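Once you scroll down, you'll see the structures, which are given as structure tokens.
Two complexes follow with chain A in common, the first pairing it with chain B and the second with chain C.
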Partner chain A sequence: MIPYVNFILTAAIALNLYIVSSSRLRSCVQAAALQGSVLAFLPILLWGTQASKLEIINLLLIGIGTLGVKALLIPFLMFRSIQEANVRREVEPFISLHLSLSAAAVLVIISFWISKVTGLPHPPSAYLVPAAFSGILIGFLIMVSRQKAITQVIGYLIFENGIFIFGQILFQKIPLAVELGVLLDLLVGILVMGIAIYHISREFDHIDVSRLDGLKG
Partner chain B sequence: MNHSSLLIWIFLLFPAAAAVGCLILRKASWIFRFIMVGAAVDAGLGFILIQSLFQKGALRAAGSWLRVDTLSAYYILIMILVFLMASIYAARYFNEEIQKGSLSDKTAARFGSLWFGTLSVMTLVLLSNNLGLMWVGIEATTLATTFLISLHPSPLSLEAAWKYVLICSVGIALAFLGTLFVGAADSSSLIWTKLASHASILNPQLMKMAFIFLLIGYGTKVGLAPLHTWLPDAHSQAPAPVSAVFSGFMVNEAMYCIMRYLPIVNGAVGNSHFSRDLLLFFGIFSMAVAAVFILFQHDIKRLLAYSTVEHLGITAIGLGLGGLGVFAALFHTLNHSICKTTGFLSAGKLGQKYGTHDLRKMPGTLQKEQVWGLGLFLSLIILVGSAPFAVFMSELLIIKAAVDHHHFLLLTFFLTALGIVFIGVLSHAVSAVWGEPPGDHVLPEPNHLGDMLLVGAPLLLLLILGIWMPHPLRELLEKSTFILTGKQ
Partner chain C sequence: MLVLDIFIHLILLILFPPFLIGFINKVKAWTAGKQGPSLFQVYYDIEKLLKKGAVYSSTATWIFKAGPILTSASLVCAGLILPMMRNHSTFGFTGDLIFFVYLFALGHFFLLISALDVGSSFEGMGASRGAAFGTFAELALFSALAIFCIPAGSPTFKSVFTALPWKTWGFAHPAYLAGALVLLAVLLTENSRLPIDDPNTHLELTMIHEVMVLDHGGPDFAFILYSSSLKLLLQADLLIHFLLPFPSHLTEEGVLLLLSGILGIGILIGILESVTARLRLQRIPQFLIGAFILTVLGLMISFYRGAP
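Here is the complex of A and B:
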């Protein structure tokens, strides 16, 4: 199963780079949804072969939950936000897309370095920790380098996906209830952010976070 | 199901049921009455829970997932006090808005359900013995309170709510990464009692990494500088009862999460220098940042918010000093919560009367609004550490701990920051208290007995605690210190 796992993790890293370099909001959301749906297969592929029957059910539930939340519900909420906020201009980065892509490439290299120095005991795949940290770091990059509130949410999703990958190292230690609680929190979080974006767009006529600067001192 | 686990379940589920109740009630005035009664019932349940802890020792429910020990009981005590004060006040505060017609029944229902929703997830954090579940609770707290900040959507409140939800979500996600590192360091599970009992065999390197992520993650929610940027915005834009709960309890609860990890990290690393040095650094940095911003702050709610950053910094320093410092930090948490809640409630009412929160535009508060003006002035005086009130006593204990450990450089910074805050707060407060109220000779409104109690009782409590500590409280504090440090 490890070759499939490696494929999924490589795809996750590639999708991160795609999202950083894409200039269209809709394709960013689609790519994030695709990333969520391939990652949903990660738990069962990683642990399925050595799990007991009960654990298989747990793994399947986590996979289905992740698929439902990250590939269906969240993209739906995001598309609705884009529509309601009536976003005309697209991604609007503070720094150019070329520069962000180069920065993201450097971050991927850094994540490989991080995986070497953390010294985690026996990760099942050598790509697991680098894929996790590249998601976390590139998610941060997107959050700080984009002007639109909605792109910040995409950055947050990438970031969350990175943490999700990292969590796979410890499948046996995180109980199902906690995994599902985390998913629920993510879903409600995106919902809350979506509603906030809707209010912001109504109140301000834009969702440009660089112009949300009324509060100082 | 035995008696004590039933009690834990009731205490956890009652606020959730009350949240649903607020959606069923249709009229704003009923909802606020219901909030008052609900908070009182919740406080009663909390006291019963604490009392049965005193009789039986740690209580459990749901296997080992839910557990109440002395430390959680102490925080439950703070929580029910802050919520009770803020809930009683909410009725008085929003009554004005209902009469002006600026608060619809629908908004009131939303407030009520989010209010009790917040209480229920905060309760979950304190009751959970599983560190993953604790994380779920803290994240849910952020989500439940976002729309309490922007209860009345306005450009500024939405900006504050957006900053809050994004910064805190990212911060808390980092805390989850830290939680995962704790899982990686251990071979069993995320059950706190198990981790604490065999902390010494955990992988020290991974626990160090974990603690850094946890401190930064939960520290964002605490508002430790330089992660505090959301805090003054959210506090200044939220309605006063919400600001009171934020400062009085929510930030302390995030600090509670950091505390839970202290015995585990210290046990794994083999000494407590690693965690203590980090806490001291963040503590002193928070005090310094807060002191500078307080000096130039004219908005009363932002001033109180920066004072929260300062006091949480003081708490972090107490924890970082260890031993007596931990005892003092816990005591300081209670004192700060009670005092800051009173401060925010008074500031909110004054803000309603003057139509602004700018201290330069609200002169003569003592004449215009005797009760709330006095409440604000006294709570500011207590917050800067005036003797013989309780905040002064807990700060004195922290100074004693610093002297005992020969942290003289730290002590210099600590006292300098306290001095700057003292000057800053008093110079703003004095100009607002003395001075002519605007308009010609408006007769002060007759004092409401409920208002007097709401301001008087907490301040009297702070005075009593400054002079004499009741035995049960001392026992709670000493046992909690024992949980955190392993010695008395």
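Here is the complex of A and C:
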């Protein structure tokens, strides 16, 4: 099963890079949804062969929960808030897409380097740590380098996917309840952000986060 | 056996390329529901052009006349060291992979300076585009080849193609998949196919390859046509050697693999060209930088895992 895990993790990193390079909001959300649905298969592929019956049910529940929340519910909410807030379809980054893509490549190199120097004792797949860190770092990059509030949500989603991958290393230590709680938190976070974006855009005609620095609208 | 191998290699190298272009055009015609020109149309075109005389601009020097021939010659040399039916070529040597890429660059260079030589503003524009996109494509090409070279330990076709682990090619070693995708992107760029450049367009403002060869006529243009089809054949051949396991000796299987692989690439390009639109000119560097970034990911995997 490890070959498939490697493939999924590489696809997750490649999708991170795609989201950074894409200039359309819709394709960003679609890629984030694809990443979530691909990662949903990660727990069962990673631990399925050595788990007991009860644990397999746990793994399946985590997978189904991730698929439902990250691949269906959150993209649906985000598409709706894009529609309701009447945002323009382009991403509008602070720095150019070429530059942010190069920055993302540097972050990928850093995440591989981190996994080499930290040296976790026995990760099941060599790509788990790099994929996790690249998700976290690229999520931060998207949050700080994009102008729209909705892209902050996308960055947050990628960030959370990175943490999800990292959590897979510690599957035996993290109970199901915690994992599902994290999913619920994520969902509530996206809901709150969606509502906030809707209200901001109703009050001020735009959702430009650089204007949030000033006290008056 | 060796003589037979060299013979078939030369026959395929010299005579096959125009057929590939005809085949792609046929696939595009079929996808559009048309009959399309004959599979051998490019041969007829080349024959017709060779019979014609050439007209030269008064500002053109010998560089303009030498350009098409030197381009064809450097590509034929590149074709000699590229393996075709086997996983290595008779003329291969240590480091031939790098030599191969630079022969390509040499051919491209002569095309560029012969376009600049006539002094036409349109051709100058085309040459500047060709140089810019060629630079990006070469960066991506070299790093994509490096993904395959690192596990093999040497930049030689023979060692790279024998070291590829065929059974675990895609899923266990996603780096190879990234490398092959980037090689496909470079193939489309270097041969001016969609989505980079439309081979059917005849509007100078958006063309890349076609605008560089506007002033070539007669036999010169025949050589240009021939060398661009040869370039496509060689790059398709390079790509399928990374995708398919070729035998180490001359067998029917190797010939069959080669032909089906190249025609498969032809079908892929034909369908791709039927369903995609051309990228905006400003988006092309981003496409190529994206390809390069993908190779960074592949390179990190190759470095990190060492020899898989």
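What we mean here is this: the second predicted complex is superposed on the first by the 213 of 217 C-alpha atoms of A that agree within 3 Å, B and C clash if a C-alpha of one lies under 4 Å from a C-alpha of the other, contacts with A are read in each partner's own complex, and residues count from 1 in each chain.
To be clear about the criterion, contacts are C-beta pairs under 8 Å (C-beta built on N, C-alpha and C of every residue); 3 or more make two chains touch, one makes a residue touch a chain.
No experiment lies behind these values; they were computed from the predicted model shown.
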item	value
Overlay on chain A: chain C relative to chain B, clash or fit	fit
Touched partner set for A:I195, first chain B, second chain C, both or neither	first
When both partners are placed on the shared chain, which of chain B and chain C touches more of chain A	B
Chain B versus chain C as contact partner of A:E160, first or second or both or neither	first
Which of chain B and chain C A:K116 touches, first, second, both or neither	second
Which superposed partner A:L17 touches (first chain B, second chain C, both, neither)	second
Partner chain(s) touched by A:H98 [first = chain B, second = chain C, both, neither]	second
Partner chain(s) touched by A:P3 [first = chain B, second = chain C, both, neither]	second
After fitting on chain A: smallest Cα gap, chain B-chain C, Å	22
On chain A, positions contacted by chain B and by chain C	none
Residues of chain C defined as touching chain A within the complex	168, 170-175, 177-178, 285-286, 289-290, 293-294, 296-297, 300-301, 303-305
Chain A residues within the chain C interface of the complex	2-4, 6-7, 10-11, 13-14, 17, 21, 97-98, 101-102, 104-105, 108-109, 112, 115-116, 126-127, 130
Residues of chain A defined as touching chain B within the complex	118-121, 136, 140, 143, 149, 152, 156, 159-160, 163, 166-167, 169-170, 173-175, 177-178, 181-182, 184-185, 188-189, 192-193, 195-196, 199-200, 202-204, 209, 212-215, 217
In the complex, chain B residues that touch chain A	130, 132-133, 135-136, 139-140, 142-143, 146-147, 150, 153-156, 158-163, 165-166, 169-170, 173, 176-177, 180, 183-184, 186, 188-190, 203, 205-206, 209, 232-233, 236-237, 293, 296-297, 299, 302
